[in-house]
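Input: structures, listed below.
Presented sequentially are two complexes of chain A, the first with chain B as partner and the second with chain C.
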Partner chain A sequence: MSERRLQKLIGERDVLDVMVKAFTQSPTADDKLSAGLAEVEIEHHNEIIRCAEEGKPFIFSYFACAPEIYAAMDLPWYSFLSLPFTGALLPTLKDDIDASKRLFGNDLCTILRVSGYYIEEDLVPVPTAMIGLLHPCDGTTVLHQLIASNENWCNVPIFACDPPYWEDERSMNYYAGELKRMVSFLEEHTGRKLDMGRFREVIEESNKQYELWIEYNDLRRAVPCPHGYGLGLQASGVAQSNLVGDPRGTAWFRDLVADAEKLVREKRGKVPNERIRLFWFDVVSLDLSFDLFPWLEEEWGAVVVMDMFGYAPYTMIDTSSEESMFQGLAKRALCDMPMIRQARGVADNFLSDIVRVVKDYKIDCVVWPGHMGHKDGSANIGMMRETCRELGVPFLHIGMDLFDKSYTTIDEIKDKFSQFFTAMGLG
Partner chain B sequence: METAIKSKALQEFAEAAETLVNPAVRSWREQGGKVVGYFCSYMPEEVITAAGFLPFRMRATGSTGTELADAYLSSINCSFTRHCFNMGLRGEYDFIDGAVWPSTCDHVRRIYDNWKRKVNTPFVHIMSLPKKTDEPQVEWYRDEMVNLKEALEKHFGVEITDERLWEAIRLHNETRRLQRQLYELRKRGSPPISGAEALAVMVAGTAMPKERYNQLLRGLLDEISPSEGNADYRARLMIMGGILDDPAFIEVIEEQGGLVVTDSLCFGTRIMWKDVDEGASDPLTALAQYYVADRPSCPRMFGDYARRADFVRDMIRDFKVDGIIGERLIFCDQWAVEHYMLAKEFKPEGIPYLELDREYLLGGIGQMRTRIQAFLETIER
Partner chain C sequence: MSIFDAYVTKLAEYAEGMRGRGRQVREIDCPAAVSKLVEGLPVRVGPQASSGIILRGDTFVELGNPEAGSCAFILWTNSPSLIRDGKVTLIGPDIQESPGASLPFGQVLMVGGAGLSEAEHEVLDHSQYISDQIEGYMIRSTSQLMWSRVSKDAAEKGFCFETLGRALMAVFKSEVPKIEAVEIVFVTSGKEDLQPLDSIAAQVRKIAKDIVTENWKARGIDLLECTFGWDCSSCPDQPVCDEIKDLITVRKKQASKIEKAKS
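Moving on to the complex of A and B:
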C-alpha cells in the first residue's frame, strides 16, 4: 500500500492524538470520556494502517450499515467520512474543500464532495471489499457509485443494501434479506465467517449499550442539562460505530451515565446559568465545536440539550433466533440510526422527532442548521416550522455548511442566533 | 434551427409541450375523463392507463415564480420542485384528480410530503422505488405496483384487471416504438426534425391520451420520413441529464449551429429505448422488470453506471455524435457526480463534454450562448 494512500488516515490519527492530549488535561469528566473514545479511535486507525501495510483483509463502509455484523465477523472496517470531519483540526482541509469544488461543483454536500476528492486523488487505502450505503440522501448514493467506478477501486468487490422507504413488516423483511446477502458477500470476499454465537454476543452487548444510552438521555432531560453539545454524537459513535458490541463501549456508557447522574444529583449543568435549551437538529460538527457552540453557551446560556445524532429510539434486538437478530438489525439500521431514520423516508419522521424531543427535553427552540448538503431536510422547513408553531416553540432555519465556514461565516451565524434569541425573547 | 416541416401534428405536440392544460387534456376532462399526475419517469404510467385515467407527467411549464413554495422549501431545493409545488399551491394543478410519486430524488420525494399537506389533490400516493436493479428489487417494486393498483381501485372505485394492464402495456409499447422510429430519422445526415422539435414530441407524449398521441405521431412520421432536413449544422450533439421539458433550451443550442440528434433524458430515450416484455406471464412483473432493470437508468440507480456509460457510447456511435452537452438543474446531486464521471469516462475516447448547470426556467441565455459557441468552435466539423 502506497504512503500516499495512508497519509490522510495517519493525519487523522495524529489529530486524534492531539485531541487525546487536550482532553486528558481537562479537569472535567466529560472531556476524559472524550479522551477515552479518541484513544479507541487511534487504536482503530492503527489497525487499519497495519492491515493495509500487511495486506490483511479490511473493509470500507459508510456509517449505518449494521456494523454489528462486522464486529461479529472480527472484520476491521473504516470510513473516510470521518476525514473531512476531524479535518477541521488540520490546515489542509480548506485546500481539500476547494479542490473538491473543482471536481464536483459547489452544491454537493461538502463532506461527501471531499470524500469523493480523496478517492479521485488516491488518498485513502483501497480495501479488500466495500459495503456501500444508498441512503439517506442522493449524494451518498452517487458518492458510492463514484467510488465503485474509480480506476483504483473498480476491482474492489462492493455490496450495498437497498433501503426501502417504509417501516412496516414487509420493509423489515426486505432489508433483513439485504443484510443476509451482505453477510454472504462479506464471507465470500474476506474469508471471514459469521458465527451465530458470536453474532448473538455482539448484539447482546450492543443491547446493553442501548439501554445505557436510554438512561443517559433520560438524564439529559434534567434542568439544567448535565452535559453540553459534544456527547450525543460520541454516544452515537460508540453504540453505532467502532465500539459496537464491545464491552469497552459499554463501560464508556456506564461512565457517561455515572457522570451525568452525579451532576444531576448536584443540580449542576454544563452551563452554570442555563437560559436556553436548544435542539440542534443536525450533526454537531467538530468545526463548530471550537467556536459556535462554546459561544452559544457563554454568550447566551444556550445549551444543546439534544441533537440529531444524540437521539435514537434505541431498539433492543431480540436475540432468540437468527431471524429475529437480522430483523432487529434491519429495524435498527433503518429506523434508529440518526439521520437515516429521519431523512430516508417520509417527512413525518422529521416531524415526529421534533415533537418527541421538544416535549421530552423541555426544549425552548428548535434549530435546523440547513446544511447545504441536506436537501431533503431543507424541503421540510415549512412543515418543521408549522410543527414547532403547534408546539409553541420558536424555530430557526440558518442556511449554512456544517464543514465549510466560507459558505456562511461564523459571524453571520452568530448574528442570526442573536437576532433570533432577541426576537423570541429567549436568553 | 428550423426544419422545413411544419405539420399540424408538430404544432399540436408543440402546444402540448408549451402549455400545461393542452387541448387534448381539456377535451379528456370535458368528456368526464380523470387525470392522474405523476412525477418522474420511474412511475409506471401503464397502471394509470389501465385504470382508465390519463397519466400526466407533472411539469412546471408556464410557471412565473416560486413565491408561495418558498415558504415551505428552501433555496437549496431545485427550481423544478419549487416551481412545480408553487403551481400546486396556486391551484394550477386543480385539473388533476390524483398524483403519484416514486421516491426518486431528495427534492421530488419531499414535494409529496408538502403536497399532501397543502394542495387539495384528492388522491396522493408515493411508491418506494429501489436504488438497485437486481431481482429482489424487481420483486419489491412489483409489490409497490400492487399497492398503487389497490390504492387507485379503492379511491376511484375502479377495477384494474390483468387484461387491462396488458392492453395498457401494448398501447404504451406502441408509443415507444413510434418514438424510436422518430429517433431513427435523427440518425440521418440531414435529420428531418430538429432536437427542439423532437423534445416537444416527447414531452407531448406524457401529456396526451396515448391513442391520440400515437395517431398524431404516426402521421408525423409518414409526413417527415421521406423528407430531407437540415444538413447545415456545425456539430451533431447529444444532450444528457435530468428533467428537461423545455424545447426552448435546445433551441438556444441549435440557434448556435449545433444539432441535437439524440439524448439520454427522462423526456427522451430513457423512457422509450426498451419495451415492456409483452410475453411475460404477469403484467405487473413485466412492468417492474422494465422500470427497475431493463429501461436505461439514471444516476438514481446504483450499480448500473457501466450500463449507462455503454448506453451513451452506443448513442455516440449510432447517431454519429460529435459532442455531449450535460445539463443539470442546480442542486441536483445525482447529475453533479454522474456528469463528472461521464466526462472523465469519455475524455480518453476524445468525446468533448460540456457541462451546463441551469435553472428550471430558461434564463442566462447570453452566457449559455457564449459557452455553447465556444464548445462548438472546439468540435465543429
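Moving on to the complex of A and C:
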C-alpha cells in the first residue's frame, strides 16, 4: 500500500489528534462531547490505515447504506464523503477543491467532485469492495462512473442497492430484498459473515441511540436553545457512522441529552441573547462552522436550532425476526436518513419537514442555502417559499457552495443574511 | 358528501366493535362553543400556553411510544351532521389511571363543517400537531408518529383525556373557523386494538396524498408526474424513460426465472 494513498487519512488523523487535546482542555461540555467523537474518528482512521497496510478487508461506502450491517459484520468501512467533508480541518482543502474543478468542471457537487479527485489522484486507499449509492442525486452515480474508469478502482467489486421511489409496502419489501443482496455481496467479497445474534445486538443498540436522539431533539425546542450549530450533524454522524450500534455511541447520546437537560432546566442557552431561531435546511458543513455560524450567533444572536441532518424521523426497528430487522433497516435507510429521504422522494418530504420544524421549534426563519450540488432540492424553492408564506415565516434562499467559498464568498453570504434579517425585522 | 365520509362511519363501527370485545369504552359530552370548551379546564389552552418541553423526568404518562403502539389521523367532512359535536370516546384507561405508564395511543379527529373542502385538508392535517397550545402536553417532534407526554404538573391539576379532547376541539375550532363540529376517539386499550385503525389510517393517508397533489396542481405545480402533458414525443426525458422500461422488462424476466427455479 503506497504512502500516497494514506496521506489524506494520516494528515487528518494527526489534525484530529491535536483537536482532541484542545477539546479535552476546554471547560465546555459540548467541546468534551466533540473530543469523544474525535477520538473515535482517530481510532477509525487508524483501523482503515491498518487494514490498508496489512491487506485486511475494508470497504468504502456512503453513510446511508444501512451501516448497521457493516457494524454487525465487524467490517471496517469508510465513507466516501468524509475526507472532503472533514478536509476543512486541513489547510489543503482549498487547493484540492481548485484541482478538482480542473478535472471535472464545477457543476458537480463539490464534495463528490473532491472525492472523485482523491480517487483520480490516488490519494485514498483502494478498498476490498465498495457499496455505492444510487440515490438521492445524479452526482453520486457520476462518481460510480468515474470509479469504473479509474485504473486502480475499476476492478473493485461494487454493489449498490436499487432504491424505489415510493414508500409503500411493496417498496419496503423490495429494498429489504436489496439489503439482503448487499449482505450476500459483502460476505462473498470480504469473507465476513453476518451473524443474526450480532445483527440483533447492533440494531437494538442503534434503537437506543435513535431514542436518545429524539429526546435530544425535543430538548432543542426549548427557548433558549440549549446548544448551538453542529451538534445535530454530530448526532446524525454518531447514529449512522462510526458509532452505529456501538455502546460508546449510546453513551455519547446519554451525555448529550444530560447536558441539554441541565441547560433546559436552568433556562440557559448556547447564545445568551438568543434573538433569532433558524432552521438551516441543509448540511452544516465543517467549514461554515468555523466562520458563518459563529458569526450568526455573535452578530445576530441567531441560533441554528435545527438543521436538515439533525432532524430525522424515529423508526424503532423490530428485532423479533430476521425479516423484521431487514424491513426496519429498509425503512430507516430510505425514509429516515436526512437529506436522502427528502431528495430521494417526493417534494412533499421537504415541505412537511418545514411545517413540523417551524411549528415545533418556534422557528423565526427558514434558510435554504441552495448548495450548488443540491439542484434536486433547489427545484423545490418555489414550493418551500410558498409553504413558508402560509406559515407566516420568512424564507431565505442563498445560492452558495457549502464547501467552496470561492463560489459565494463568506462576506457575500453574511451580507445576504444581514439584509434579510433587517428587511424581515428579525434580531 | 366528502371523500372521508365512509371512514367516519367506519370509526363509529370500530368503537362499537371495541365495546363488543369487552373494552372499557367511555363517552364524554363536551360543550360546543370554544369559550365553554376551555372553561374550567385545569390547564391553559391557546398559543404559548405551554413551554413546549416536558422532560423525561417530569413525565406523568407517555402516549404512543412506537413500542407501545401509535396511530393518529384526521378525517373531515362537509356534512357536519355526520359528526357528533363535542363527543369524546375513550377506549381504554384514562391518563389519571395510568401514572408512570407508557400507553399505546390512538387518536382520531373527526371534524365537520359545511364549508370544508380539500383546500383545508393540509391546514387540518397540520393542526393535529398542536405545538405549545396545551399546557402540560407535548407532542414529540418526530414525523410519522403521534407520540406525546403529559406532565406530572398537569396530571396533578387533573389533566385527563376529557381535558385533552376539549383542548383539541378548542384549538381546531379557533384555528379553522369553518369547523362546526369536532368529535374525537382516543384509544389506549392495547397495541392490537390499534391495528384496525392502522388499516383505516393507511387508506386515509393515500387519499390525503392525492389531495395534497391536487392542491399543488391547482397552483400550477405537479408534485409527482412528468409535466409534459403525457406527450412523450415532446419530452426531452423520453430516452431515459425508454431505458427504464427496458430495465423493468429485464428484471421481470429475471425474477420470473428465479421463481420458476424455486418451484
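Everything that follows uses one rule, which is that the second predicted complex is superposed on the first by the 425 of 427 C-alpha atoms of A that agree within 3 Å, B and C clash if a C-alpha of one lies under 4 Å from a C-alpha of the other, contacts with A are read in each partner's own complex, and residues count from 1 in each chain.
By definition in this document, contacts are C-beta pairs under 8 Å (C-beta built on N, C-alpha and C of every residue); 3 or more make two chains touch, one makes a residue touch a chain.
Keep in mind the model is a prediction, meaning the values are calculated, not measured.
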item	value
Combined model on chain A where chain B meets chain C, clash or fit	clash
Partner chain in contact with A:Pro272 - chain B first, chain C second, else both or neither	neither
Of chain C and chain B, partner touching more chain A residues	B
Touched partner set for A:Val355, first chain B, second chain C, both or neither	second
Touching partner for A:Gly55 - first (chain B), second (chain C), both, neither	neither
Partner chain in contact with A:Leu143 - chain B first, chain C second, else both or neither	first
Contacts of A:Met316 with chain B and chain C, given as first, second, both or neither	second
Which superposed partner A:Leu108 touches (first chain B, second chain C, both, neither)	first
Chain B versus chain C as contact partner of A:Gly425, first or second or both or neither	neither
Touching partner for A:Gly392 - first (chain B), second (chain C), both, neither	neither
Which of chain B and chain C A:Arg221 touches, first, second, both or neither	second
Of the stretches 112-120, 274-282 or 364-372 belonging to chain B, the one that collides with chain C	112-120
Touching both chain B and chain C, residues of chain A	346-348, 382-383
Touch list for chain B against partner chain A, complex	71-78, 81, 103, 105-107, 109-114, 117, 126-132, 136-137, 140, 143, 299-300, 302-303, 305-306, 330-334, 336-338, 340-341, 357
Chain A to chain C touching residues, read off their complex	214-215, 217-219, 221-223, 261, 264-265, 311, 313-316, 335, 346-348, 352-353, 355-357, 359-362, 382-383, 386
Sites on chain C touched by chain A in the complex	51-53, 55-57, 66-67, 126, 129, 131-132, 138-145, 147, 209, 212, 216, 219, 221, 223-224
Residue numbers on chain A that touch chain B, as the complex places them	103-105, 107-109, 112, 116, 132, 134-135, 137-139, 141-146, 148-149, 158, 160, 162-166, 170-171, 174, 177-178, 181, 346-348, 370, 372, 375-376, 378-383, 397, 399
